[in-house]
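Listed below are the structures to be examined.
In the two assemblies presented below, subunit A is common to both, partnered first by subunit B and then by subunit C.
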Partner chain A sequence: MVITKGLIKNWFLVIVVLMVVGCLSANEMSAMNPRDILAEIFKRQGLTGNGSFELNLQVVSFKDKERNDSSVRVFLDGSHKQLVTFVEPERLKDDYYLVNGYNTWMYQKKLKRPLRISAQQKLFGNAGIAETAGIDYLNDYDILKTTENDGEYLMELQAKDGKTAYQRTSIWVSKSSLRISKITLKSLNGQELKNLIYSDYRMVDGHEMAVIEINNLLQNKDEKTIIKYTSIKSRTFAPEIFDPLMMGKIGL
Partner chain B sequence: MFLQFTEKLLLSIIIIGIIIWGVHPIAAAEDGGSWEIVIGYEDYHIRDDLPEGYRNQLEEGNSLFNFGIEYITGISNGQFSFSLDAKGDGDHLESNLKEFNWSGYHHQVLYELGKTKWVWGRGLSFIPTCPLDTETYYWGGQVSVISLDKSGTIGFATAKDSYNSDASATLIMDDQASDSDYTGWLRWGQTFETSDLSGVVSYQSAEKCWNYGLDFSRDLQNGFELHGGIKQSSSDSEVSYLIGSEYIGKYFYTVEFYHDQDDLLILAINNAVGLFGKWQWMLREIYNFNDDGVISKLNLGYHKNDHLVPQLEISMNTGPKSSIYRQNPIDYYLIFKVVAKF
Partner chain C sequence: MLKIAWRNVLRNKRRSLLSLLIISIGVAVLFLVNGYIRATFEGLKYMAVSQYGNLQIAAGNFWDNDNQRHLLSKTDLEKVERLLASRPEVQSYTRVLGVNGIIGTEKNSTVIAGSGIEPGNDQGQNIMITSGINLFPDDIDKVLLGKGVMQKLGVEEGEWVSLMTTTLDGAYNAGSLQVSGSFTAGNSEADNVYINLPVSYAQSLLNTEGVDKVVVGLEEIKDTDSTAVWLREQFSNNGLDLEIKTWFDLAEYYKQVRGLYEIIFHFMAVVIFFLVLTSVLEIMSMAFFERMNEIGTIRSIGTKRHQIFSLLTMEGMITGITGGFIGLLAGYGVGRFINQLHLTYSAPSLSEPAPLSFDLSLANGMFPFVIVVSATLVSAFYPAFKASRLNIVEILRHK
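And now, the complex of A and B:
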């Protein structure tokens, strides 16, 4: 084969074009708006803004050598309303937790009436109601700042509303996979309250979900709680079932 | 006749329940229904300063064995609760239908009918706007219409049946109600961004009085909650009110001030935060400002096995001898029970 000047020129052009395309793609990734990254993550999760769901979660808490298992069911309405019930353990089966916007109620069988509680109330182990029922980082927070290192973006978020359970959060997102690797939940003054470590991403009934390890940074530091999604079903609920009066009155 | 029927029904259900429990694998018992069997022992102590004859009379039959069975099942538009209760001192057995209630939901209407605790309001121990005893099961019914964050409720309950109370004997008050007496109520409620408000109008036929009240609660954020209620009765110029707060930290703390005929301070602490751990406990103190009397209650449960939980309840009346709580001939009440759930 005779290598001509023209052939070399053509190969050179192809290589230049490929390099330019490659550079453009890389620039597009790095130039991605932080909000677009969050939107992409939530799009793959496919829950927020996609209707009503029944989520089944396995919540396991470890402390020293002791292990406590629970099975939690979250009924998620499309309009920021969530009803949390327990399948296991037996003693919590008759308890209900209702989140309606910034209002949170607890219903216990013995009391026969709903009582208002804080959304920071622990649900099981280190898992609070807010993070179990789901925090909407995309719509409830403003992104204040985004920095990056070789492998991750770090987004600093602040709640749009002073009534949100966790006022500030830091979110680490893997650059290569665009998946959340860690979230730190903070108070308004920046005090770190909880670390949420995301790992083992997998598809659960068409939704990309991670296993979440929750560590409380203020209390019970020797304890960790792991949330694993086991099934996600699309369901339709009447809006009235998310009213406090309905708690403990119907089965779901 | 009804008593005999209830006793036989209770016995049959207990036997059936034990058989079901014996043959049904617990882990697979997710059929929407749940059973609970309670076997307990109650004892109380009569004050030492009372005349011996009176003490002996009161101490007769002060040890009671009790037995209860409960069943709850729910479907997507309703729920059924049923419980029977029996108490005996070895010679006599007294049994009763404790709860029998159906609640159902259709469109925006929630309806409830049967025998249950008809209770609303925010207080832990005392609720000014609820004229019914919060520990007692009454026959009655109510209908609620729910629309977005608003609701309206109309309901009624028949006279008090003091046997069917969850309260220990130290707290059961005498009631003048007869069988034909009833209580009716009308309530409306609205939920706001971080708070809610309810208005209540009720009528008690025994006292022939109307009660007008308001309940509210508000999330103050960062773990604090504020709640309260106020009531004005047509039979009494005095206004009853409650103001209280809860805080969630390592434990769950409640502080309430209740003004009615007396001024009461209620303090409660429990470890429900986190909702697990082998020991579950709650300590509640009710302090009367007017005479320094105190009611102390301790609830303790050991949850090594959630299907078989031993529980202890102790209620004590302490304070000066002149205080109202110390007028009660019983100075402490103890209930030990084992709860089997499946």
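And now, the complex of A and C:
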């Protein structure tokens, strides 16, 4: 299988898509401690807990003046299992990406076997693949510090496990609406890597979701991705769906 | 008999000169080829030692190619360095930690394979600075780029670049480095990918105190094997699960080139052997044929068959040895002349021209000398044998 430019672009789309799956909106709250705020944010999005969901997203990626549109479907089981497939365009329909814990696989229907992506290879996939999937800010991170300014809470988070892709994050939450306005993903030494800008919150099948714009801060700064949720359905999945050897073999 | 043989050789000047020409050319050509090959081997050997050091010490399984990262721990590293410091043959040693990632600016980025090294320690660095300056011991966040990397990024000395990698656990990490200069590793493919940075910075990026290996330089290349043996003993005595590889173990390119050149040289030696054999055989056969009456005459006055055989063989030997010496001198002269010209040529996989030189030591001439003289001797055996077996009456009747 040739690692084409298109394939690398797919990875980027997947990362981006899976990044936003873990991010939530929040209800109006009275003064709470930061952990409670985060818990409430997750609860308001309604994707946490014991549920599993099928999410449909529109993804628009920009590089210089070039624009690429795609429709992505994510099968989510808890916060650490995601299967990403493409609905549109036609050329991506046979591509699958699976994240289970810290492991990532990719698959195309013409392959006899899926391909496991190592930690190092994630880097070369043009910003990596799906390590951002299941960013569980509540359970995977400790809140180091919370400050308030200009009507916002700013929370500084540190990953609990050294294997977490983005070791540090900053989350801005509006005080009035308790909605996330921005997240900055950082490296181990604090270097800012990506900005996720949240805007245009609306209800999607009973879940309050934002339109998310993702910008690179370190490399490939001319690239931008915008994600919009179009539908969210509660579904039950057989465990085989998240088995790498079953990728592409089970009708979804 | 030697005197007679000499006189016989000198008697037929044209035939003797022709034989001498063939023999001397054969020896000269083989001498030059052998000299070139040996000079190339020496060059490659020093290149390999410059690149790999005399020895490398790493954790057990480091070279297993099992897709795992096996680092030397800080504790083991300290023990190794104490042992190395106690050995007089050791000239220097350095820690090395590999870093793979993406380096770039907001305009361009490229994939790199970096080495975290100890600035100021040249061990295991076979590079030539092409612009700017090398890393200094006090440098903390400076980087030396392969010249191809520098060109791709379009940066200059003093500019800052970002390096992104993953830690050993798989987390992203990134840092900024100031460009100190550029280098060539003598290989254009390597120049497009390699960078050097301080090992302490590499350790911070990878979030580790370990290193991949220690590269050791010795005072003399010939001490490599004995030092390796001693170190293995010490590691065993100290319960260290470490592996050692010498430059020879690591220098695949050297071994491949050496193997190839040896085959080519031996093939050439065989070809020249048979060329000389058949040419001189033809010449000597003609010469002995024309001397039938002479041989018959000396046989009739009492010379024995074995004396005829010895005489004719000795003539062959004289021709061979004389031609051999002339060939050595000619080869030496031509080789020396070419060496003085300081010619260069483009060798495969090298980004800089390689010098064309010949190792003209006598040892390199011995094998060609022996080969060609042997060919001459063998070519003399058959006609000498035939001539010594001929019946006197038949010889004398031949006119």
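The rule is short, and it goes like this: the second predicted complex is superposed on the first by the 202 of 252 C-alpha atoms of A that agree within 3 Å, B and C clash if a C-alpha of one lies under 4 Å from a C-alpha of the other, contacts with A are read in each partner's own complex, and residues count from 1 in each chain.
The working rule: contacts are C-beta pairs under 8 Å (C-beta built on N, C-alpha and C of every residue); 3 or more make two chains touch, one makes a residue touch a chain.
These figures come from a predicted structure and were not determined experimentally.
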**OP:** Once the structures are superposed on A, label A:92 by its partner contacts, choosing first (subunit B), second (subunit C), both or neither.
**Re:** first
**OP:** Scan A:219 for contacts with subunit B and subunit C and give back first, second, both or neither.
**Re:** both
Original post:
Of the partners subunit B and subunit C, which touch A:166 in the superposed model: first, second, both, neither?
Top reply: second
**OP:** Examine A:189 and indicate which partner it touches, taking first as subunit B and second as subunit C; both and neither are also allowed.
**Re:** second
Original post:
First (subunit B), second (subunit C), both or neither: which does A:102 touch?
Top reply: both
**OP:** With the two complexes superposed on chain A, say which partner A:45 touches: subunit B (first), subunit C (second), both, or neither.
**Re:** neither
Subject >> If touched residues of subunit A are counted for subunit B and for subunit C, the larger one >> reply: B
Original post:
For subunit A, what residues appear in both contact lists, the one with subunit B and the one with subunit C?
Top reply: 102, 118-120, 122-124, 162-163, 187, 219-220
Original post:
What does subunit A use to touch subunit B in their complex?
Top reply: 61, 68, 70, 87, 89-95, 100-104, 109-113, 115-125, 162-163, 187, 219-220, 238-241, 243-246, 248-252
**OP:** In the complex, go through subunit A and note every residue touching subunit C.
**Re:** 102, 118-120, 122-124, 128, 131, 159, 161-167, 187-189, 191, 193, 218-222
Original post:
Quick one: in the complex, what on subunit B touches subunit A?
Top reply: 30, 32, 34, 72-79, 103-105, 107-108, 110, 112, 116-117, 119-122, 144, 146-149, 151, 153, 166, 189, 191, 193-196, 217-219, 221-225, 227, 246, 248, 250, 273-277, 280, 303, 306-307, 309, 341-342
Original post:
What residues on subunit C touch subunit A, complex-wise?
Top reply: 67, 100-102, 104, 106, 109, 111, 162, 164-167, 169-176, 204-205, 207
